[in-house]
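A quick write-up on the structure given underneath.
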Amino acid sequence: MAKIEARLAELGVVLPTPPTPVANYVPFVRTGSMLFVSGQICHAPDGKLVAKGKLGDAVSIEDGQRAARACAVNLLAQLKVAVGDLDKVVRVVRLGGFINSAPTFVDGPKVMNGASDLMVEVFGDKGRHARTTVGVAALPADAAVEVEGLFEVS
Amino acid sequence: MAKIEARLAELGVVLPTPPTPVANYVPFVRTGSMLFVSGQICHAPDGKLVAKGKLGDAVSIEDGQRAARACAVNLLAQLKVAVGDLDKVVRVVRLGGFINSAPTFVDGPKVMNGASDLMVEVFGDKGRHARTTVGVAALPADAAVEVEGLFEVS
Amino acid sequence: MAKIEARLAELGVVLPTPPTPVANYVPFVRTGSMLFVSGQICHAPDGKLVAKGKLGDAVSIEDGQRAARACAVNLLAQLKVAVGDLDKVVRVVRLGGFINSAPTFVDGPKVMNGASDLMVEVFGDKGRHARTTVGVAALPADAAVEVEGLFEVS
(Lines give C-alpha, C1' and ligand atoms only; values in the text may rest on other atoms or scores of the structure.)
Protein backbone atom coordinates (compact mmCIF):
# COMPACT_ATOMS: atom_id res chain seq x y z
CA MET A 1 0.00 0.00 0.00
CA ALA A 2 1.23 3.46 -0.77
CA LYS A 3 2.86 5.13 2.22
CA ILE A 4 0.89 8.35 2.29
CA GLU A 5 -2.43 6.57 1.72
CA ALA A 6 -1.58 4.33 4.66
CA ARG A 7 -0.85 7.37 6.76
CA LEU A 8 -4.21 8.93 5.81
CA ALA A 9 -5.95 5.71 6.86
CA GLU A 10 -4.07 5.76 10.20
CA LEU A 11 -5.19 9.35 10.75
CA GLY A 12 -8.77 8.47 9.78
CA VAL A 13 -8.72 11.04 6.99
CA VAL A 14 -11.08 10.14 4.16
CA LEU A 15 -10.51 12.08 0.97
CA PRO A 16 -13.75 13.19 -0.64
CA THR A 17 -14.33 12.98 -4.36
CA PRO A 18 -13.54 16.58 -5.13
CA PRO A 19 -16.09 18.67 -6.99
CA THR A 20 -15.22 19.97 -10.44
CA PRO A 21 -15.59 23.74 -10.64
CA VAL A 22 -18.76 24.73 -12.51
CA ALA A 23 -16.91 27.47 -14.36
CA ASN A 24 -14.01 28.18 -16.69
CA TYR A 25 -11.34 27.30 -14.23
CA VAL A 26 -9.91 24.00 -13.08
CA PRO A 27 -9.01 22.53 -9.70
CA PHE A 28 -5.29 22.42 -10.45
CA VAL A 29 -2.68 23.20 -13.08
CA ARG A 30 0.70 21.52 -13.30
CA THR A 31 3.66 23.26 -14.88
CA GLY A 32 6.95 21.38 -14.67
CA SER A 33 7.13 19.93 -11.16
CA MET A 34 4.92 22.65 -9.70
CA LEU A 35 1.26 21.92 -9.02
CA PHE A 36 -0.96 24.90 -8.31
CA VAL A 37 -4.22 23.91 -6.59
CA SER A 38 -7.18 26.31 -6.64
CA GLY A 39 -8.44 27.80 -3.39
CA GLN A 40 -10.52 25.24 -1.50
CA ILE A 41 -13.23 26.25 0.92
CA CYS A 42 -14.13 24.26 4.02
CA HIS A 43 -16.58 21.75 2.59
CA ALA A 44 -16.93 18.53 4.57
CA PRO A 45 -17.09 15.28 2.57
CA ASP A 46 -20.93 15.54 2.70
CA GLY A 47 -20.74 18.88 0.89
CA LYS A 48 -21.79 21.00 3.88
CA LEU A 49 -19.51 23.73 5.15
CA VAL A 50 -17.63 22.79 8.31
CA ALA A 51 -17.99 26.40 9.49
CA LYS A 52 -19.86 29.32 8.01
CA GLY A 53 -19.41 32.98 8.90
CA LYS A 54 -16.65 35.03 10.40
CA LEU A 55 -13.96 34.40 12.93
CA GLY A 56 -14.22 37.01 15.66
CA ASP A 57 -17.97 36.84 15.26
CA ALA A 58 -20.09 33.66 14.81
CA VAL A 59 -17.20 31.20 14.39
CA SER A 60 -14.95 30.08 17.27
CA ILE A 61 -11.22 29.50 16.87
CA GLU A 62 -11.77 25.76 17.36
CA ASP A 63 -14.38 25.63 14.60
CA GLY A 64 -12.11 27.74 12.43
CA GLN A 65 -9.31 25.22 12.94
CA ARG A 66 -11.63 22.38 11.92
CA ALA A 67 -12.56 24.41 8.86
CA ALA A 68 -8.92 25.00 7.94
CA ARG A 69 -8.24 21.26 8.33
CA ALA A 70 -11.17 20.54 5.99
CA CYS A 71 -9.67 22.91 3.40
CA ALA A 72 -6.40 20.99 3.67
CA VAL A 73 -8.22 17.67 3.20
CA ASN A 74 -9.82 19.13 0.07
CA LEU A 75 -6.41 20.20 -1.22
CA LEU A 76 -5.18 16.62 -0.72
CA ALA A 77 -8.21 15.28 -2.56
CA GLN A 78 -7.39 17.49 -5.56
CA LEU A 79 -3.74 16.56 -5.28
CA LYS A 80 -4.63 12.87 -5.45
CA VAL A 81 -6.68 13.42 -8.60
CA ALA A 82 -3.76 15.38 -10.07
CA VAL A 83 -0.92 12.95 -9.38
CA GLY A 84 -2.73 9.67 -8.74
CA ASP A 85 -0.40 8.55 -5.97
CA LEU A 86 0.23 10.91 -3.05
CA ASP A 87 3.72 9.39 -2.61
CA LYS A 88 4.64 11.54 -5.60
CA VAL A 89 4.41 14.66 -3.46
CA VAL A 90 7.98 15.90 -3.03
CA ARG A 91 7.11 18.90 -0.89
CA VAL A 92 4.25 21.06 0.26
CA VAL A 93 5.74 24.35 -0.95
CA ARG A 94 3.26 27.01 0.09
CA LEU A 95 -0.19 27.40 1.60
CA GLY A 96 -2.17 30.62 1.32
CA GLY A 97 -4.75 30.90 4.11
CA PHE A 98 -7.70 33.26 3.90
CA ILE A 99 -9.68 33.59 7.11
CA ASN A 100 -13.17 35.10 6.91
CA SER A 101 -12.63 37.69 9.63
CA ALA A 102 -14.40 40.38 11.59
CA PRO A 103 -12.20 43.51 11.49
CA THR A 104 -11.14 42.88 15.09
CA PHE A 105 -9.93 39.31 14.63
CA VAL A 106 -6.17 38.90 15.10
CA ASP A 107 -5.72 35.13 15.54
CA GLY A 108 -5.67 33.98 11.92
CA PRO A 109 -2.46 32.00 12.39
CA LYS A 110 -4.06 29.86 15.13
CA VAL A 111 -6.92 29.06 12.78
CA MET A 112 -4.60 28.31 9.87
CA ASN A 113 -2.67 25.82 12.02
CA GLY A 114 -5.58 23.46 11.37
CA ALA A 115 -4.40 23.22 7.77
CA SER A 116 -0.66 23.28 8.48
CA ASP A 117 -0.90 20.56 11.13
CA LEU A 118 -2.68 18.21 8.75
CA MET A 119 0.03 18.62 6.12
CA VAL A 120 2.74 17.67 8.62
CA GLU A 121 0.69 14.80 10.08
CA VAL A 122 0.31 13.39 6.58
CA PHE A 123 3.67 14.18 4.93
CA GLY A 124 6.04 14.63 7.89
CA ASP A 125 8.87 17.07 7.17
CA LYS A 126 7.88 17.21 3.49
CA GLY A 127 4.65 18.76 4.72
CA ARG A 128 6.39 21.81 6.21
CA HIS A 129 5.54 24.77 3.97
CA ALA A 130 5.87 28.49 3.52
CA ARG A 131 2.63 30.15 4.55
CA THR A 132 0.76 33.41 4.32
CA THR A 133 -2.31 33.99 6.47
CA VAL A 134 -4.59 37.00 6.14
CA GLY A 135 -8.06 37.95 7.34
CA VAL A 136 -10.44 38.69 4.49
CA ALA A 137 -13.75 40.58 4.41
CA ALA A 138 -15.75 37.85 2.72
CA LEU A 139 -15.39 34.36 1.24
CA PRO A 140 -17.37 32.32 -1.30
CA ALA A 141 -20.57 30.83 0.18
CA ASP A 142 -19.68 32.55 3.48
CA ALA A 143 -17.15 29.80 4.21
CA ALA A 144 -15.10 30.47 7.33
CA VAL A 145 -11.79 29.52 5.69
CA GLU A 146 -10.29 29.11 2.21
CA VAL A 147 -6.82 27.67 1.54
CA GLU A 148 -4.85 27.44 -1.71
CA GLY A 149 -1.80 25.24 -2.18
CA LEU A 150 1.38 24.91 -4.17
CA PHE A 151 3.06 21.51 -4.27
CA GLU A 152 6.24 20.12 -5.77
CA VAL A 153 5.44 16.76 -7.33
CA SER A 154 7.44 14.09 -9.18
CA MET B 1 -1.83 36.87 -38.55
CA ALA B 2 -1.10 35.41 -35.16
CA LYS B 3 -3.81 33.07 -33.94
CA ILE B 4 -4.53 34.62 -30.55
CA GLU B 5 -4.47 38.15 -31.96
CA ALA B 6 -7.04 37.02 -34.54
CA ARG B 7 -9.16 35.55 -31.78
CA LEU B 8 -9.01 38.84 -29.84
CA ALA B 9 -10.16 40.69 -32.96
CA GLU B 10 -13.06 38.22 -33.38
CA LEU B 11 -14.06 38.82 -29.76
CA GLY B 12 -13.79 42.57 -30.23
CA VAL B 13 -11.23 42.80 -27.43
CA VAL B 14 -8.87 45.73 -27.83
CA LEU B 15 -5.77 45.58 -25.67
CA PRO B 16 -4.94 48.92 -24.11
CA THR B 17 -1.40 50.22 -23.93
CA PRO B 18 -0.77 49.22 -20.36
CA PRO B 19 0.40 51.82 -17.88
CA THR B 20 3.84 51.50 -16.35
CA PRO B 21 3.68 51.50 -12.56
CA VAL B 22 4.83 54.82 -11.11
CA ALA B 23 6.79 53.09 -8.39
CA ASN B 24 9.58 50.64 -7.73
CA TYR B 25 7.77 47.66 -9.10
CA VAL B 26 7.18 46.39 -12.61
CA PRO B 27 4.16 45.01 -14.44
CA PHE B 28 5.67 41.54 -14.82
CA VAL B 29 8.69 39.42 -14.05
CA ARG B 30 9.73 36.35 -16.00
CA THR B 31 11.74 33.59 -14.42
CA GLY B 32 12.33 30.55 -16.63
CA SER B 33 9.05 29.86 -18.39
CA MET B 34 6.97 31.43 -15.63
CA LEU B 35 5.63 34.95 -16.07
CA PHE B 36 4.25 36.65 -12.98
CA VAL B 37 2.00 39.60 -13.81
CA SER B 38 1.27 42.23 -11.16
CA GLY B 39 -2.27 42.67 -9.86
CA GLN B 40 -4.35 44.61 -12.38
CA ILE B 41 -7.33 46.69 -11.34
CA CYS B 42 -10.39 47.18 -13.53
CA HIS B 43 -9.31 50.12 -15.67
CA ALA B 44 -11.08 50.43 -19.01
CA PRO B 45 -8.90 51.32 -22.02
CA ASP B 46 -9.85 55.01 -21.43
CA GLY B 47 -8.28 54.82 -17.97
CA LYS B 48 -11.55 55.03 -16.05
CA LEU B 49 -12.54 52.27 -13.66
CA VAL B 50 -15.19 49.91 -15.06
CA ALA B 51 -16.66 49.64 -11.57
CA LYS B 52 -15.81 51.43 -8.35
CA GLY B 53 -16.87 50.45 -4.84
CA LYS B 54 -17.91 47.22 -3.20
CA LEU B 55 -19.81 44.18 -4.31
CA GLY B 56 -22.71 43.62 -1.97
CA ASP B 57 -23.06 47.37 -1.74
CA ALA B 58 -22.82 49.89 -4.66
CA VAL B 59 -21.63 47.42 -7.32
CA SER B 60 -23.93 44.79 -8.91
CA ILE B 61 -22.74 41.30 -9.79
CA GLU B 62 -23.06 42.14 -13.50
CA ASP B 63 -20.89 45.23 -13.13
CA GLY B 64 -18.45 43.21 -11.05
CA GLN B 65 -18.20 40.66 -13.85
CA ARG B 66 -17.48 43.43 -16.34
CA ALA B 67 -14.82 44.71 -13.97
CA ALA B 68 -13.23 41.26 -13.65
CA ARG B 69 -13.20 40.95 -17.44
CA ALA B 70 -11.44 44.32 -17.67
CA CYS B 71 -8.79 43.10 -15.22
CA ALA B 72 -8.25 40.06 -17.46
CA VAL B 73 -7.92 42.29 -20.53
CA ASN B 74 -5.30 44.30 -18.65
CA LEU B 75 -3.41 41.10 -17.79
CA LEU B 76 -3.40 40.21 -21.49
CA ALA B 77 -2.12 43.67 -22.37
CA GLN B 78 0.81 43.20 -19.97
CA LEU B 79 1.36 39.69 -21.26
CA LYS B 80 1.61 40.99 -24.82
CA VAL B 81 4.24 43.53 -23.79
CA ALA B 82 6.11 40.76 -21.99
CA VAL B 83 6.20 38.12 -24.73
CA GLY B 84 5.44 40.10 -27.89
CA ASP B 85 3.28 37.43 -29.46
CA LEU B 86 0.39 35.99 -27.46
CA ASP B 87 0.76 32.68 -29.31
CA LYS B 88 3.74 32.12 -27.00
CA VAL B 89 1.36 31.60 -24.08
CA VAL B 90 1.55 27.90 -23.22
CA ARG B 91 -0.92 28.01 -20.35
CA VAL B 92 -2.78 30.33 -18.06
CA VAL B 93 -1.53 28.76 -14.83
CA ARG B 94 -3.25 30.68 -12.05
CA LEU B 95 -5.44 33.72 -11.49
CA GLY B 96 -5.82 35.34 -8.09
CA GLY B 97 -9.06 37.28 -7.83
CA PHE B 98 -9.62 39.94 -5.21
CA ILE B 99 -13.19 41.22 -4.98
CA ASN B 100 -13.81 44.50 -3.13
CA SER B 101 -16.54 43.18 -0.85
CA ALA B 102 -19.00 44.23 1.78
CA PRO B 103 -18.69 41.77 4.70
CA THR B 104 -21.94 40.09 3.64
CA PHE B 105 -20.99 39.40 0.02
CA VAL B 106 -20.67 35.69 -0.77
CA ASP B 107 -20.73 35.56 -4.60
CA GLY B 108 -17.11 36.35 -5.40
CA PRO B 109 -16.78 33.34 -7.72
CA LYS B 110 -19.63 34.62 -9.94
CA VAL B 111 -17.84 37.94 -10.26
CA MET B 112 -14.49 36.31 -10.93
CA ASN B 113 -16.01 34.29 -13.79
CA GLY B 114 -15.81 37.50 -15.80
CA ALA B 115 -12.03 37.08 -15.82
CA SER B 116 -11.97 33.30 -16.17
CA ASP B 117 -14.41 33.31 -19.09
CA LEU B 118 -12.27 35.76 -21.04
CA MET B 119 -9.19 33.58 -20.64
CA VAL B 120 -11.00 30.57 -22.07
CA GLU B 121 -12.63 32.60 -24.87
CA VAL B 122 -9.18 33.80 -25.89
CA PHE B 123 -6.96 30.76 -25.28
CA GLY B 124 -9.39 27.82 -25.33
CA ASP B 125 -8.31 24.93 -23.09
CA LYS B 126 -4.92 26.58 -22.53
CA GLY B 127 -6.91 29.32 -20.81
CA ARG B 128 -8.23 27.02 -18.06
CA HIS B 129 -6.43 27.96 -14.86
CA ALA B 130 -6.19 27.31 -11.15
CA ARG B 131 -7.97 30.09 -9.30
CA THR B 132 -8.34 31.60 -5.88
CA THR B 133 -11.11 34.11 -5.22
CA VAL B 134 -11.46 36.07 -1.99
CA GLY B 135 -13.40 39.12 -0.84
CA VAL B 136 -11.15 41.90 0.39
CA ALA B 137 -11.88 44.93 2.58
CA ALA B 138 -10.44 47.53 0.20
CA LEU B 139 -8.67 47.84 -3.14
CA PRO B 140 -6.44 50.48 -4.75
CA ALA B 141 -8.42 53.48 -6.07
CA ASP B 142 -11.61 51.79 -4.74
CA ALA B 143 -11.59 49.47 -7.78
CA ALA B 144 -14.28 46.79 -7.59
CA VAL B 145 -11.92 44.01 -8.69
CA GLU B 146 -8.20 43.24 -8.90
CA VAL B 147 -6.74 40.15 -10.59
CA GLU B 148 -3.16 38.88 -10.70
CA GLY B 149 -1.93 36.25 -13.11
CA LEU B 150 0.69 33.57 -13.57
CA PHE B 151 1.37 32.32 -17.09
CA GLU B 152 3.59 29.66 -18.63
CA VAL B 153 5.19 31.10 -21.74
CA SER B 154 7.58 29.81 -24.39
CA MET C 1 32.74 42.05 1.74
CA ALA C 2 29.68 40.82 -0.07
CA LYS C 3 28.11 43.49 -2.24
CA ILE C 4 24.55 43.35 -0.95
CA GLU C 5 25.69 43.19 2.68
CA ALA C 6 27.76 46.31 2.03
CA ARG C 7 24.74 48.00 0.54
CA LEU C 8 22.64 47.14 3.59
CA ALA C 9 25.31 48.64 5.82
CA GLU C 10 25.35 51.81 3.68
CA LEU C 11 21.56 52.05 4.03
CA GLY C 12 21.80 51.45 7.77
CA VAL C 13 19.57 48.40 7.49
CA VAL C 14 20.22 45.86 10.23
CA LEU C 15 18.74 42.44 9.58
CA PRO C 16 17.16 40.97 12.68
CA THR C 17 17.58 37.34 13.63
CA PRO C 18 14.30 36.14 12.23
CA PRO C 19 11.92 34.26 14.49
CA THR C 20 11.15 30.63 13.72
CA PRO C 21 7.41 30.06 13.35
CA VAL C 22 5.97 28.34 16.43
CA ALA C 23 3.86 26.06 14.28
CA ASN C 24 3.97 23.47 11.54
CA TYR C 25 5.12 25.82 8.85
CA VAL C 26 8.54 27.19 7.98
CA PRO C 27 9.83 30.65 7.06
CA PHE C 28 10.75 29.63 3.52
CA VAL C 29 10.76 26.77 1.07
CA ARG C 30 13.11 26.47 -1.88
CA THR C 31 12.17 24.51 -4.96
CA GLY C 32 14.66 24.69 -7.81
CA SER C 33 15.77 28.30 -8.04
CA MET C 34 12.53 29.62 -6.54
CA LEU C 35 12.44 30.63 -2.90
CA PHE C 36 9.02 31.19 -1.37
CA VAL C 37 9.16 33.22 1.84
CA SER C 38 6.22 33.14 4.26
CA GLY C 39 4.22 36.28 4.91
CA GLN C 40 6.13 38.59 7.25
CA ILE C 41 4.36 41.07 9.50
CA CYS C 42 5.84 44.41 10.47
CA HIS C 43 7.93 43.45 13.48
CA ALA C 44 10.81 45.79 14.26
CA PRO C 45 14.14 44.17 15.24
CA ASP C 46 13.10 44.56 18.91
CA GLY C 47 10.06 42.38 18.26
CA LYS C 48 7.50 45.18 18.60
CA LEU C 49 5.17 45.99 15.72
CA VAL C 50 6.17 49.10 13.76
CA ALA C 51 2.48 49.89 13.31
CA LYS C 52 -0.62 48.24 14.72
CA GLY C 53 -4.18 48.68 13.51
CA LYS C 54 -5.76 49.75 10.27
CA LEU C 55 -4.84 52.15 7.52
CA GLY C 56 -7.67 54.58 7.01
CA ASP C 57 -8.23 54.48 10.75
CA ALA C 58 -5.53 54.54 13.48
CA VAL C 59 -2.50 54.16 11.18
CA SER C 60 -1.23 56.97 8.92
CA ILE C 61 0.13 56.37 5.44
CA GLU C 62 3.62 57.31 6.65
CA ASP C 63 3.47 54.78 9.47
CA GLY C 64 2.08 52.23 7.05
CA GLN C 65 5.05 52.81 4.76
CA ARG C 66 7.44 52.27 7.66
CA ALA C 67 5.55 49.08 8.47
CA ALA C 68 5.82 47.85 4.87
CA ARG C 69 9.55 48.58 4.93
CA ALA C 70 9.88 46.56 8.13
CA CYS C 71 8.11 43.62 6.44
CA ALA C 72 10.62 43.87 3.58
CA VAL C 73 13.53 43.90 6.04
CA ASN C 74 12.09 40.76 7.63
CA LEU C 75 11.84 39.11 4.20
CA LEU C 76 15.54 39.91 3.66
CA ALA C 77 16.39 38.45 7.04
CA GLN C 78 14.69 35.18 6.09
CA LEU C 79 16.31 35.28 2.67
CA LYS C 80 19.74 35.57 4.27
CA VAL C 81 19.09 32.55 6.45
CA ALA C 82 17.91 30.68 3.36
CA VAL C 83 20.79 31.42 0.99
CA GLY C 84 23.57 32.55 3.34
CA ASP C 85 24.87 35.23 1.02
CA LEU C 86 22.42 37.81 -0.32
CA ASP C 87 24.56 38.18 -3.45
CA LYS C 88 22.92 34.89 -4.50
CA VAL C 89 19.63 36.71 -5.07
CA VAL C 90 19.11 36.76 -8.84
CA ARG C 91 15.81 38.60 -8.79
CA VAL C 92 13.02 39.72 -6.50
CA VAL C 93 10.23 38.04 -8.49
CA ARG C 94 7.03 38.97 -6.67
CA LEU C 95 5.82 40.67 -3.51
CA GLY C 96 2.31 40.19 -2.19
CA GLY C 97 1.24 43.10 0.00
CA PHE C 98 -1.61 42.85 2.46
CA ILE C 99 -2.64 46.14 4.04
CA ASN C 100 -4.81 46.03 7.17
CA SER C 101 -7.48 48.42 5.90
CA ALA C 102 -10.63 50.19 6.93
CA PRO C 103 -13.24 49.59 4.18
CA THR C 104 -12.75 53.15 2.93
CA PHE C 105 -8.96 52.99 2.49
CA VAL C 106 -7.85 53.23 -1.14
CA ASP C 107 -4.13 54.03 -0.91
CA GLY C 108 -2.67 50.57 -0.40
CA PRO C 109 -0.11 51.04 -3.19
CA LYS C 110 1.39 54.11 -1.45
CA VAL C 111 1.81 52.05 1.70
CA MET C 112 3.28 49.09 -0.16
CA ASN C 113 5.89 51.35 -1.75
CA GLY C 114 7.66 51.19 1.60
CA ALA C 115 8.48 47.55 0.82
CA SER C 116 9.11 47.99 -2.90
CA ASP C 117 11.47 50.91 -2.39
CA LEU C 118 13.63 48.95 0.02
CA MET C 119 14.02 46.10 -2.47
CA VAL C 120 15.26 48.48 -5.14
CA GLU C 121 17.51 50.40 -2.72
CA VAL C 122 19.13 47.09 -1.78
CA PHE C 123 19.20 45.14 -5.04
CA GLY C 124 18.96 47.83 -7.72
CA ASP C 125 17.21 46.65 -10.90
CA LYS C 126 17.22 43.07 -9.62
CA GLY C 127 14.95 44.37 -6.88
CA ARG C 128 12.17 45.37 -9.29
CA HIS C 129 9.33 42.89 -8.82
CA ALA C 130 5.81 42.01 -9.84
CA ARG C 131 3.43 43.10 -7.09
CA THR C 132 -0.09 42.64 -5.88
CA THR C 133 -1.48 44.93 -3.17
CA VAL C 134 -4.84 44.45 -1.50
CA GLY C 135 -6.58 45.78 1.59
CA VAL C 136 -7.52 43.05 4.03
CA ALA C 137 -10.03 43.01 6.90
CA ALA C 138 -7.61 41.78 9.54
CA LEU C 139 -4.01 40.66 10.01
CA PRO C 140 -2.18 38.51 12.56
CA ALA C 141 -1.51 40.37 15.83
CA ASP C 142 -3.31 43.39 14.33
CA ALA C 143 -0.18 44.24 12.33
CA ALA C 144 -0.72 47.11 9.89
CA VAL C 145 1.04 45.33 7.01
CA GLU C 146 2.05 41.82 5.94
CA VAL C 147 4.21 41.06 2.90
CA GLU C 148 5.13 37.72 1.33
CA GLY C 149 7.94 37.28 -1.18
CA LEU C 150 9.10 35.11 -4.05
CA PHE C 151 12.76 35.25 -5.02
CA GLU C 152 14.90 33.69 -7.71
CA VAL C 153 18.16 32.57 -6.15
CA SER C 154 21.32 30.90 -7.40
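The letters A, B and C name the chains in turn, as written, and every chain counts its residues from 1.
Note that in this section a contact is a pair of C-beta atoms (placed from the backbone, for glycine too) under 8 Å apart; a residue touches a chain by one contact, two chains touch by 3 or more.
Bear in mind the structure is a predicted one, so any value in this text is a computation, not a measurement.
Of all residue numbers seen at the chain B-chain C contact, under half occur in both copies; the interface is built from largely non-matching residues. To fit its Cα atoms onto chain C, chain A must turn through 120 degrees, a value rounded to the nearest 5.
With each centre defined as the average position of its C-alpha atoms, the distance from chain B to chain C rounds to 25 Å.
Within chain C, contacts with two or more other chains are made by residues 102-103, 136-137.
Residues 21, 23-29, 31-32, 36-39, 54, 96, 98, 102-103, 136-142, 146, 148 of chain C touch chain A in their complex.
Per the touch definition, chain A reaches chain C in the complex via residues 33-34, 56, 91-95, 99, 101-109, 113, 116-117, 119-120, 127-137, 150, 152.
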